[in-house]
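Next come the structures, one after another.
The following pair of complexes shares a single chain, chain A, combined with chain B in the former and chain C in the latter.
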Partner chain A sequence: MRNNNFYKFLIVFMSTISLCGCWDIKDINKRSIPLVMGISKEDDEEYRLTLQIPIPKSNNQISRIVTEKGESVASVLGKIRTNSENAVDFSQIQLIVIQKNLANNQRELRSLIKFLMGSEEIPSRALVAITDDNVDKVLSNINDKLGVNASAIYDYFNKGVGWAPELLNTPIWEVYRSPFLSTKDIAVPAVRAGKDTVLVFEGSEILRKGKLIDRISPEESQFINMFQNKNVKGKIENLGVATVMITNSSVQNKTSMKNKKPQVLSDLNLKINILERKEGTTNNRIRKELERVTEKRFYDLLKQTQSSHTDIFGFGQQFHHLISYHELKDWRNDYYPNLRVNFEVHANME
Partner chain B sequence: MKNIVKEIKSKFSNHHDFFIEEELVDKTAIYLIGFNTLIDLPKSKLYVQQIAASSSSVKALFINLSDQIEVDTEQLLKAILEGKLVIVSKDNEENVIVDPIAQNLSRSIEEPKNESAIQASMDAFGEDININIGMIRKRLNTERLCHSSYQVGDLDKRRLSMLYIKGRTPNILIEKVNQQLMQINSDIETIDDLNRQFGKRRLSPVSHLSTTELPIQAIHSLKKNRIVLFMDNYPFALVFPNLIWDMFSIENDRNFPFVLTFMLRIFRVIGAMATVVLPALYVALVSVNPGIFRADLALFVAKSREGIPLSAFLETILMVVIVDLILEAIVRLPKSVGPSITMVGGIILGQAMVEAKLVSNLLVIVITAVVIASSAVVGMQNSLYIRLLKYPILVLASLFGILGVWTGFIFTVIYLASLTSDDIPYLTFKIEQEGDTK
Partner chain C sequence: MTQRIQIVIVFILIQLSIGYLVYPNLIYALTKTAHWEVVMFQGFLQWILIWIYIKGLNYFPENDVIDIYLKMGRWATIIILTPFVINLIALVAFNIRLHTEVIISVFLPRTPYWSILILLYFISVYTAIKGLGTIFRSSIFIFLIVIPLVLFNIFSSVINFDIHNVTPAWNSPARFLFNIKFFYLLGFSSFLFLGFMASKTKLSFRQLFIACASVTLFFLSVVYIPLFIFGQDTVVTLTNPFLEAMDSVEISWFSFNRQTMFFGLSLVGLVIVANSVMLWMISQVMRKIVTSRRVKSSYWIIAFSVISFVFAFFVPNQSLVEKFFLWSTGAQAYSMIVIPFTIFIYGFLSKRGVIRYEK
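Right after this comes the complex of A and B.
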């Protein structure tokens, strides 16, 4: 009886070994770990895929840039895998840089995002960025800069809102989700290769149902972070008469419907720290000035987005309890252009 | 009728330490019989002579010496083997078994050798079962402390004692243990022999009994509704049943403020978890699922493993086995050689292997952490069995990665949960009080 059990156990154990596929297991040092993937398309014909792969051998890390062309992204990935010296492990890809001319094509962009999302190897948490530059230039830029780590691009986007309040980070899954949302649009950061730093943040590209609409400036992208209630501390604002640093921020929204028109009462509380001022400027004046500048900037952006029917602030999310599900589908066209936002900034000295 | 003396003499003819001394008391010859390796003969003789001086006759002498008079030959033989002095009168009409002045064969009460107690009373159990039980009685003055003793074994009758507190330990448990101890018919040489009497756990690394050297710990176990067993000539109290919490707590912790006690115990839990999981986690992360590392950590790990020819599993199993070998070697070696082996081992493991690029820096750190962590748990046998548990998880991790680590861990917990001693699960934290005070 006991012997019998032993053999049963042995058979079960042996069969698990055949299940595990352990002959394909590669140690981490036997894999190439690309961190950044650049995708572009030349002459509307072939996809061009560029990978930044760090070489862990040397002490000051350098990276190599691998480029391959092909008819589809999947086939290019396959080619890279075949030609690479090591097993290529895409699971550490942190950033996918898409060239602007490819992103401009709505159908191409949507199918690309769908592929990236569906691919099991590429993590859906990887960030997306759009560049006007040549993708190769952005990626190879990392090797030209002194004292920059191989993971610099990843670090660039992961500083946190407290350190870089204007910088957006948008993962693939959010881009993938956005065409299915009817009450919120997203912004994708736009970068280019810098002269002294690896990347330069140029603002954000607004995406509406997978279509590039407009580009907004870094100052304006800050509002997107603000309305997602991320604390945008550390932002330095030059008001002409003074320079202030925002040390804390919070937004409170109150929504209501009036005559079938949506209304939002939005209060932005800012805590500020005055860094320098022209002589004779009172605290009160600085506060008023900051409030005026911020409000104007917001209303400009609101007007701009209302005319293009893209709700990048996600105001529509807050009307889910006031508007029925079917009507919400027309939020962008029917309601959002008529949205009235009463935006008030309350600046306080620290 | 000299035949009793003759019979005894013929029985022990092969024993050179056997003596029969003739002595004259009240004009009658008496024979003192025993083993001089067990009995301090000159002193015992003096003792008998002194009593004889104040006794009127041989019969009176015998009565004064002991109340075991006129016993049969069988018992006399047994008494001699136990180290008693047997006195037989020349006419064979009277005999007596006397408690002699014995050779001092056991050490005195000493400091604990296997468990180090900080800020605690420093005496530990010794070889003599009576002294051990005396140490408990001295600290636990209650009539509810019960003591049953047994003599078991085939070739050698070994003394066992069972202690429990009436009204605390469940009656069913006492009954069962009593039965199991009575039924023993083989020799009890080691704890494993005794362990086997409590049910089949032949291939299990977890014993039914947890050992302790400290009287305080034994008393605490008694108060916590458990049974404490003593074996003659074995300087440990054996607490039955062995529960998982014994691995993490000793009563002595509570000599510190509560917060510190809590901290110590949490560290032991972390230590046990780390020992079981850490090597497996290393293999899983490095070779199967590097995807869950952060990017910079992944690069760091890849760099630290650059140029190492062994696969992660092989290098880990190599290191783990070497470290377990060293731990065992240190125990085996005499105290004077031990430190040099430790030093050589440390240099080979820490320095040479890394410099030769046979194993990675990171693994050495992991292994060191594991060795230290496995020693944090209470008791050597617990430390050993935890070290054993890491191997199956390590193998699973090398096949299935993170999934393997956690299924292995879960199966380990399931296995531990399946263990029972006399229907008390190993994972119980507290034995409910069921015994009645009567």
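Right after this comes the complex of A and C.
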């Protein structure tokens, strides 16, 4: 009996071996955890990778910038690992800033996104942004500003509902998905280093099958959020005669086919709150003005995207039940330029 | 009654374990639109097979599959069950290796695979040696831990859904039936263990009906979550679509920022149950075929698990693992068709024979 107890004790004791857990564990204070990664390519030769690594001291307010060059992104990541003082853990990267000259090259961009998606360490939900500036400048800009937290660049994109309705969030997996979707294109936010703030939002770059097509303004990128039925609460609109804030928005689309041409009846319902007005302006006039401005903006953007065969609104997604799977493959070229959208805005007072 | 619930639970867990990984890839390869048709059809076939199987087993109360075959004759048993055992060994090996690869890619990137392999083997062999009661009891624990995680994974992924990524369609159903991959698919519905456990409790099809329905629902979710998030054309380019779908989910207010962790943890629990049941089945077959007093059933489990460990250890890379896993499920599909039908026919004939004999 005593012998049996001894074995039981031994087994319980042995189970503590598994407490030390995973193989080659590295404690969190012995890791460097980069938050932002900047990628650029100089002279079509070498990739240049910049990491922003917060230093966990003094209220999280400082971070360091590490730059390395190499033939491919993977090899640069390896080099940074080798040369770093600590173990570099890429699993917490939240934002990837791509310099525009690299993004302009369709093939490079696609292989880059494919690498980021396939990488087991870099999470595929990290956001993507494109910048005209030098990537180093964007990332190091954070250190020049007073009282800015080291996670500022990430926080910039994650303000939450109602704070920055124009801002787009585009994670890696959406960029990866976009060339495969035949009925929807995506927009990637474009930023640059600001003078007073860390980043300035400049609008969005439209990607058509992974190729940069055009840049649209922040007002226009708001439409994209709207058509994905993301709430654009908090958007402030200046109409000349008044300034209004949009407190709620919803889009309803009805799709139909007429003579083999796609048609969409689209109703945008806006709830507004009037912040200021010129004297003597009636509520009705403000509503009419807002409806007119919004409709005009939409039709301009629609015309622009139809001429470039880029379905940025994802209208084609709603034709899956009307057009067969194989025909939809040609949605961008055959159907979308002929798409008729009847867009109506209905503004209502809060 | 409790034992019936336990059998149902084990049934669900095994299905989840096998269905999580390769199953969606197979479906995407089979059809481009109307995936639900394939899933439902497979579920339907599984219902029919289980119905036949249970009908056949009920001709012989208090007997399990091996006893029935032994009644047919010793050689019939060896001819039918030996390939089944070999198949099970392969299935144990590649199932565990496949899960190991995924677990490594989810949360243990720097751990060598053999250490995880040993850990998983050790636990499932231990459970199998302890016998059916332990398998049942541990499966209830694992069920209570895993099912909330699975449900949480399913519901949390809703935030990335774009319903328009899936074409609502109705295919002319004949095409995928003639694809060899559909045969593989059939092998994913592992219900044969029911016949090994049913010796004491009599199962009725009605009790399994809910389990079958929920498993079919689960398979639908496994197939459709990546589809809703990525769309058909993207999904075929990914090696582990379900894993990527989980990885894309971001809930900023939630304290755990990686959903894939839950997925990985539930895989650990599931693979242990599935493998211990398979090892236990092997020991049952061997114990009854080789009637030697000196060899205990635990020796069989240890011997065969070592064989399958060697198999699992020496597969060089992941794509081969997947290929072998598919082959072994295909072979499993063969015994899934043969065993229920032979038992049903034998049961039917012997019952008739008895009636004639009495007249």
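Everything that follows uses one rule, which is that the second predicted complex is superposed on the first by the 326 of 350 C-alpha atoms of A that agree within 3 Å, B and C clash if a C-alpha of one lies under 4 Å from a C-alpha of the other, contacts with A are read in each partner's own complex, and residues count from 1 in each chain.
Note that contacts are C-beta pairs under 8 Å (C-beta built on N, C-alpha and C of every residue); 3 or more make two chains touch, one makes a residue touch a chain.
Since we're looking at a predicted model, the values are computed, not measured.
Within the superposed three-chain model, A:Pro54 lies in touch with chain B and out of touch with chain C [touch as defined at top]. When both complexes are overlaid on chain A, the residue A:Asn273 reaches neither chain B nor chain C.
Of the two partner chains, neither chain B nor chain C is touched by A:Asn105.
In the superposition on chain A, contact is made by A:Pro123 with both chain B and chain C. In the superposition on chain A, A:Trp173 makes contact with chain C only, not with chain B.
Touch criterion met: A:Gln318 reaches chain C, while chain B stays clear of it. Using the contact criterion defined above for the overlaid structures, shared-chain residue A:Leu35 touches chain B, although it does not reach chain C.
In the superposition on chain A, the residues of chain A contacting both chain B and chain C are 22, 123.
The residues of chain A lying in touch with chain C in their complex are 18, 22-24, 117, 120-121, 123-125, 158, 160, 171, 173, 176-177, 180-183, 314, 317-318, 320-321, 324-325, 328. For chain B in complex with chain A, the touching residues are 285-288, 290-291, 293, 295-296, 298-299, 301-303, 305-308, 311-312, 398-401. Per the touch definition, chain C reaches chain A in the complex via residues 32-33, 105, 108-112, 115, 119, 162, 164-169, 229-234, 237, 244, 247-250, 252, 258.
For chain A in complex with chain B, the touching residues are 16-17, 20, 22, 25-29, 31, 33, 35, 54, 56-57, 61, 89, 91-92, 94, 123, 149-151, 154-155.
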